[in-house]
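Just so it is clear, A, B and C label the chains in written order, and each chain counts residues from 1 on its own.
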Amino acid sequence: MAAMSSETTVNNRMNLLGRFGRLGPILVVVATALFFVLPLLAMARFAFQSVPMISLGWSTLFKRWSFEGVTKAFKDEEFRTALGLSLRLAAGTVALTLALLVPTTLWVHVRIPKARTFVEFLTVLPYVIPPIALVAGILPLKPHARWFLNSNYSLIPFYAVLALPFTFRSLDAGVKALDVKTLVDASRSLGAGWGTTIRRVIVPNIRSAIVSASFLTAAVVLGEYAIARTLLKRTLPAFMQQYQGREPQGGMALALAALVGTTALFALLSVLTRPRRAREVDEPATTTVTRQAMA
Amino acid sequence: MRTKRTTMVIAIVLSAGLALAACSSDSADTTAAPVETEAAVAETEAAAVETEAAAVETEAAAAETEAAAAETAAAAAGGDLTKLAADCTTEGQVNLIALPDEWANYKGILQSFRDKYPGVKNPVANPDASSKDEMEAVKTLAGQKDQPDNVDVSPAIAQEMVAAGMFEPYTPTSAGDVPASLKDPAGNWVGSYYGIMAFLVNTKIVPNAPKTFADLLKPEYKGLVALNGDPRESGAAFAAVMAASIANGGSADDILPGVKFFADLKKSGNLGGTDVTKATMVAGETPISIDWSYNLPGIKADMETAGFTTALAYPTDGVYGGFYAQGVVKGSPHQACGKLWMEHILSDEGALGYLGGGAIPARFEALVAAGKVTEEAKVNLPPAELISKIAFLTPAQITAAKDVLAKEWGPQVADA
Amino acid sequence: MRRDRSWLGLVPLLLFLFLFLIVPAVSVFQRALTDNDGNLGTKALKDAFTGQNFDAFEFSVRLSAQAALVGVVIGTLLAYAASVLRRPRWLRSVVTSFSGVAANLGGIPLAFAFIALLGRQGLLTKILDGLFGFELYGGSFTLDSTWGLTTVYSYFNVPLMVLITLPAIDGLKASWREACSNLGGTSWTYWTRVGLPVLAPSILGGFLLLFANSFSAYATAAAISQKSLIVPLRIGFYLRGDVSANEDQLGFSLAAWMIVIMAISMGLYWILRKRAERWQR
């Protein structure tokens, strides 16, 4: 023992502390894991078991389980309309966002690097105007722009605004990881125009950034409620809220599907965008983008 | 400053688009006018006879005269009904809102409309919407093709809508049978059905059902009492507070004791806090619901499937009856169908539909006189002696009550 | 010359933000300052801070601060656990991946989830009553009280805090810990003199972010409660004419104040974040 170096002693001491001190952190992890899983279990029980909570007991625990609520919900015509609308809005928002931000991000990185902080600041602005305040501002404008705001698709630009922090951060990180100037110069000197450069040189290299930006945008659009509710557009969240009043089990099943579906999609995204190169940050893209976007 | 000017520029540019849209909708309105004027002429004849017997519970003789006059008027306007039906079939759809299936048997009434007029759809948006939500939908969706063509709102909201000019006045052919207290003098709306406030009790969870409002305060009902919405938005909740007020020393002129009653109910923890919907009833979350008596027959079957038994208790200390007003929305996308729907709910099929659901149709006396009401159809109705006690609120009373609620409900109950 | 024209490349973004963010924001303030007769005045802005409206702000601020505090504490602990526990090697990546997902969950489905769990007919409510005899709704607890909503909001606040704090905790170099104990310090000294001060900007920044996030949450609150004491809900009620008719201006004033509060929170957060980044280089 005495022959060991002081460093090892320190390590042993810390390991000792570590061993007892491990209990605390483990408890924290287990408790939070429970906290995150229990609501999902409760939803599943409500959605798939037709026994009212009052009558639930050990004897009825395994009775009357069925997927009837879910199938009924999926067959509902209004559900399909709402889902269709939300999906189309998501696709439109993703398209608008990418069309607007990919060139802009590129331009900022290549031509005006000094403007980066300014653009970062711009993309934080949507946080300052939360959705309910935004829609409060939209309502007085309705008489002036009725032909635009009457359409369901008028939600697209507003959703793009809401998703801006995430999308910009994602694309920004993606472009930052490339040596953009060199790539662009090389491409241009070989005779390609801007369009070709973007399409065939830049985009394939920031594919994971584009994919994660798209997923995050879709998540924002599929979950947005304040604006849709106030403007009475029949999107998926608005439908879910109404449907729950009529068909409690179906509504709960849909909500469960939404939560599980979103988690699965993000898990898929994490796998797809897992960094392959050593020098990249060791965490999935969603985590990076969400973390960086919160600024 | 610069932003304001830019906004103005945008406004001007986009107003051009608005103007174009406005121009096209104007032409649609003018074609609808001729049909209306004929119906209106037929109606003034019926109305003249009717003004002489205008109470809710009219004598059978007076009802007969009314029925006879209405029949001649109907015969005169009968041709209009066929034209209306034809116009509606061209339009193809009537946008309805806030009509739950289990509310006064709207399921049956919607179906009988589809049976009578095949080819016309009657989709119902947002069945659990409150009356306030309906008014907002009409406002927000103005100019869109899913704007409601017809609304079914509480008298309080109907008042607001009339003041805002949101109704298209239309007097249906059978409106002659409707007592004056159930229709707007200017023809903006008609109250096609009415009912009485009651306790809808889930007797499996609450074997000892409450019988009076005073009973509701008992500790055994902790967390079990529920309202059908917020009285500032929903007609059913408004009526519940009014009924509670009458039971606690208030009156049609004074809703404050009712607010105080619910404040006490909330403080003691008896007021559950969840709004009543079919879902909450069937899940057993709202075992004691203060709601219209005609809302129970529609959910009885589902309650029994869930393993619950139900009972209806009419509170003896607070008898309150109220109606709902239906009217055609001004400028809505399907005007002919909106009017046809009005015709339908006041027709025999419509009225008998309401009756089956436990509501009292506005033309009840006329139907009874014509021998169209069987004993079994009356099975869901409230007791006759309670019906005779009903006195609808006057517009002034409604306004006064709304003001009190706006000021007091929030601080005393909702946010307490 | 050339540099000036380069800035033109930002025009699409600027135009887009102008039309769909700035114009509505300006219209909020414009409507807050103009009454029904068209006169300018700050009366509504002042009224928005009195009476029932003030109660609403007070409730919302209290709720958001509480939710943020809970999120900060649990989030930091979880991040610390994820950083320190090396043994289940998949633990850290699971925690980070899950946090990336859960921070973006919320809204209607989340509200339904907690109604199913902790509502009057909730699963946990029933379990607590049946197995432990503890009546969750026996006291003054409801899902739309500050504690109820705090619990619900924690579902996305805790992961968010983990995401913010984890890099900072990783940045706590082991050598600092060793140096501290070599100099005779205990765990307590380490944390109070080294650890927490370094983490402070991240933790405070996280608090502000969670506060802003909770304050502006609409969908989750709307599905759980009809309480008009929650400012975003209250604004929604005003916009639909539910509080009192013709009081539009008050609604816009509430929205204006909300924007102000958010601006202050996010501004402070931005400053703290820049400071925190210093330690991570």
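Here is the rule we go by: a residue touches a chain if its C-beta (ideal position, glycine included) is under 8 Å from a C-beta of that chain, and two chains touch if they have at least 3 such contacts.
Remember, predicted model here, so these are calculated numbers, not experimental data.
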Fewest touching-chain hops separating chain A from chain C: 1
Counting contact pairs per chain pair, which pair wins? A-C
CA centroids of chain A and chain C: separation to the nearest Å works out as 16
Per the centroid of Cα atoms for each chain, what is the distance between chain B and chain C, given in Å? 41
What whole-Å value do you get for the distance between chain A and chain B if each is reduced to the mean of its CA atoms? 42
Could you list which residues of chain B touch at least two other chains? 7, 10, 136, 283-284
So which bits of chain A are touching at least two other chains? 52-54, 141, 230, 244, 251
Two or more other chains are touched by the chain C residues 19, 23, 26-27, 30, 121, 240
Where on chain C does chain B make contact in their complex? 19, 22-23, 26-27, 30, 52, 55-56, 59, 119-121, 137, 140, 142, 144, 226-229, 240-245
Chain C-touching residues of chain A, taken from the complex the two chains share: 10, 13-14, 17, 22, 24-26, 28-29, 32, 35-36, 38-43, 45-46, 52-54, 56-57, 100-101, 103-104, 107-108, 111-112, 115, 119, 122, 124-141, 157-158, 160-161, 164, 216, 219-220, 223-226, 229-230, 237, 240-241, 244, 251-252, 255-256, 258-259, 262-263, 266-267, 270, 283-284, 286-291, 294-295
Which of the residues in chain B come into contact with chain A in the complex? 7, 10-11, 14-15, 17-18, 20-21, 100, 125-128, 136-137, 140-141, 143-144, 146, 204-205, 277-280, 282-284, 306-308
Within their complex, chain A touches chain B through residues 50, 52-55, 141, 143-148, 150, 230-232, 234, 242, 244-248, 251
Which residues of chain C touch chain A in their complex? 3, 6-7, 9-10, 12-14, 16-17, 19-21, 23-28, 30-31, 74, 77-78, 80-82, 84-85, 87, 91, 93, 95-110, 112-114, 116-117, 121-124, 126, 130, 154-155, 158, 160, 163-164, 167, 177-178, 181-182, 187, 209, 212, 216, 218-219, 222-223, 232, 235-236, 239-240, 251-252, 255, 258-259, 262-263, 266, 269-270, 273
